[in-house]
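One structure is given below, encoded as structure tokens.
Chains here go by letter, A, B, C and D, matching the order in which they are written, and residues are numbered from 1 within each.
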């Protein structure tokens, strides 16, 4: 298949290489043009404008967007719409909010353009060597794309999740679960670290990866991380987040699901971004008010 | 009534003054003897040793311990036992774990000495002008003490909660609720503080104290705190804790009560005592492993 | 002052009586007209249509909406706009989301009509005898209304919180805190209830209302509730919610405030509305898969 | 190696078969003697009393206890002590609290008997075909047992975690993490289940097991569970627990680790065991008190 990929970040770039390796002709565009040059050296077909990218495609065009969630997707769609023909396919392979996806689907539908949402998991390694993909699409469109999706996904690693929006939705929930799992792993190691026992965290993670109930890729990554830095001394425990955990928590609130662990994982990330909290100041002030308990003073 | 008070910290000292004001003869002892001298100036009867304190009492002796929870109470009991006679009464008015209280009750029972646990709330102000007291005691012992307890308590502010241990137990739960309430208040003001609106926190607390559903003493103290320091700039948000919240959470775990808010309040206090967390390091390392997300580096 | 009140539910009806008692002329309208008749018997001025209500007002008209949050407010505004003149004042005294309030403010501003948001706390009793009111309004408009607001509020119980939207915002946070406080109280009594001690909950609540740190109106209501039903046998523990707790949690998520206690309170309310959970099914199934642990079967 | 196994429950029985398959001579005893007969048919050496089991061993005896945590372990130790010789080895392979383990280690040490704690993960399947084992032991004792432990463990699936107690401690934390992970998975599927999309849960779990970040054994078990019962209709969502999650939460409280997700997972399990809560009754009663909100009545 010949297809275009817009966005050569970590994920888009590796996905393009992955596709090419499976014999696909990949035309690539990126806002920062140096990335395009770099891609050409790897055998990808460069395009230095969106117009050029569209022109280099033929028949029913397929364009995979791998740009940051948010406005960038809308911007790209605005630029693409006048250049595309009916039945051309735009794929949003990024981490978009499924509500935006539904809005975009309806908009493109009104223009006769097919829109597909693909949630992609597996990190950079997956993008390069076989991703896990969750596809929200009309059946005809999914079937048209299936051979290509099969190629870039790991074996058994793709699913037509259902109607448009469902690909991003399922990926969002995947990330919510991921938040909870990661926080659980982190808390477990914090207890180990504070305990009376002197433990080798890399070895603990390794043994847990061989036969235990909690074995899995996240525990393998934990093992890797401790191999590189046995006490994680170089890292500050600030847990940034990029949106999908928040959306999962918001969705849970709307659907009235008592998703305490997923929500809590997100709140602890927010807490970690703050050095001090106003909540803490208030509680500390109250303890002082009624009990004369000392507060810690700001310098 | 003539009674002894051992321990002249913030609570014990004010309680002694309170009792004296109601016409009781209060013999006081404190480990740091300067405090005893200070107390004598206020009209309290000083004792410079436990033996002296016991000697200065007569009839059925009543000795109120107001010493830090933990070993100090056992230490005092060990010193008192050889000096006391059957039916003398030892009161533990501090924040002891009710399980220790039950153990001490059984021990003193075996010596023929009566033991009473009194949970005291209302802070320093309450100790001085009328406390809220929760009394775990055998009925006969409670009735013997009641006139005195009535005097030092605020009107309607004392309750014979039931069997021994129940006074400290009810006080412990009181503190658990207090943890949850304080955290809720703190969180509310943190949202106000981060919001788009420019609010006068003292005035907000004040209006909430007049007619709102959440009016109460804690909100009054919040108002006071903001009056003194409108943004709490001088205070660092480290929320120390002294045991009763922990015991409540432990009790909930044992009784299989899903006390999520009380437990969470305690955990956020613990979190506030840490500048960085190992949990955060692990989660941050994992995000880097799978997604190449930047971690915040330690300097 | 002469003013109109639209909506004679529990809150609106009592507020109307409260205003009348302070000498105001209150024209009232309600969708269900029987309520209007009832109000007339109490000395309120009935209107049997919105048009009639508007006509019965004069000068700078003041209309207080006390209708359910959501579409009803927009509906009323749509009906009022063609009937009102510039500088007339519409008050939304209900529990509207402050984001809707900002939208309505801007819309009415464009029509030259003044809009005021008043968060009202204190329950039915407060509405009748003196509410706690938080007012978001332009200063001139607030000052015009102040004498009236002062009358219907309890002493010191009103605050011009600031710009439009801030009244509903501050009320929303008030409710968020309320959720946390109530859950903390509930959890505390659940631990008491499951404990080894035999306690009289009404008496415990009563003693806590006299001198304790956690004394306040919610604890007084707790005392009342236990007086009526000592074990709350008649009540099922389903904790409904009406929106403000959800909005507070959503706001915390957006502002990145780790409002764990407020959020948790809401999630436990949602949990209480469900007899069984899909989460529980999944966890139970997993325990069975790896450990052969028995699951509880559905009948 | 010749060794004894006491306790032929799901775990002990499969472990015995596993050991035998690797050429070990396994003498087995079980309180219910039918189990012993069954084991003999599988080529294991039956013992119909503890005395017989001890007699059938020789040299430095090794006895693996696989009995329920709690009193059973102490009971067995009491029975074994008079029958054993110095340097004989007792292994506790069950889920004992590491604090009990430390106590037992010190007790057996005083008798000259070596004690080893082995945390075993991997469920029944692991016990049969290769477990994940975490061993707390003195180095000499560990080395003596290592060839055997290697045989019954999966490749790379055993670790001498360190001093006595550490095996059970690390296993306990493993279970704590497991609680958090399972709750996160459950919550994720509950959101999927309540969403607007019509999803095939088995397929979702399957695609997540191929290349996603959250792939792992628990997700494979999730896939299996949905294969057997696509909506888990047969299962009630009551999440029982057996101690290790509780101990992890208790440990976190003592070490002042803000283990919110692990703790929360446990509390939600407790919540699931209750049809109704006293917390809910109190909150519901309070809503009725201040706002006249309807409560759900008990029948």
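In this text, contacts are C-beta pairs under 8 Å (C-beta built on N, C-alpha and C of every residue); 3 or more make two chains touch, one makes a residue touch a chain.
Per UniProt, the chains are A, B, C, D = Decarboxylating 6-phosphogluconate dehydrogenase.
Keep in mind that this is a model prediction, so the values were computed, not measured.
Looking at the partners of chain A and chain D together, the chains they share are B, C.
Counting the residue numbers that touch the partner chain, chain A and chain B have more than half of them in common.
The mean-CA centres of chain B and chain D are about 39 angstrom from one another, to the nearest whole unit. Per-chain Cα centroids separate chain C from chain D by 48 Å. Looking at chain D, residues 122-123, 183, 185, 187, 190, 194, 213, 217-218, 256-260, 264, 267-268, 271, 277, 279, 290 sit in touch with two or more other chains. On chain D, the positions that touch chain A within their shared complex are 121-123, 126, 130-134, 153-159, 161-163, 165-166, 169-170, 173-174, 176-181, 183-185, 187-188, 190-192, 194-195, 197-199, 203-204, 206-219, 248, 251-252, 255-262, 264-265, 267-268. Note for the complex: chain D touches chain C at residues 10, 122-125, 182-183, 185-187, 189-190, 193-194, 217-218, 221-222, 224-225, 229, 232-240, 242, 260, 268-269, 271-272, 275-298. By the touch criterion stated above, chain C contacts chain A in their complex at residues 213, 246, 249-250, 253, 256-260, 263-264, 266-268, 270-271, 273-274, 277, 279, 290.
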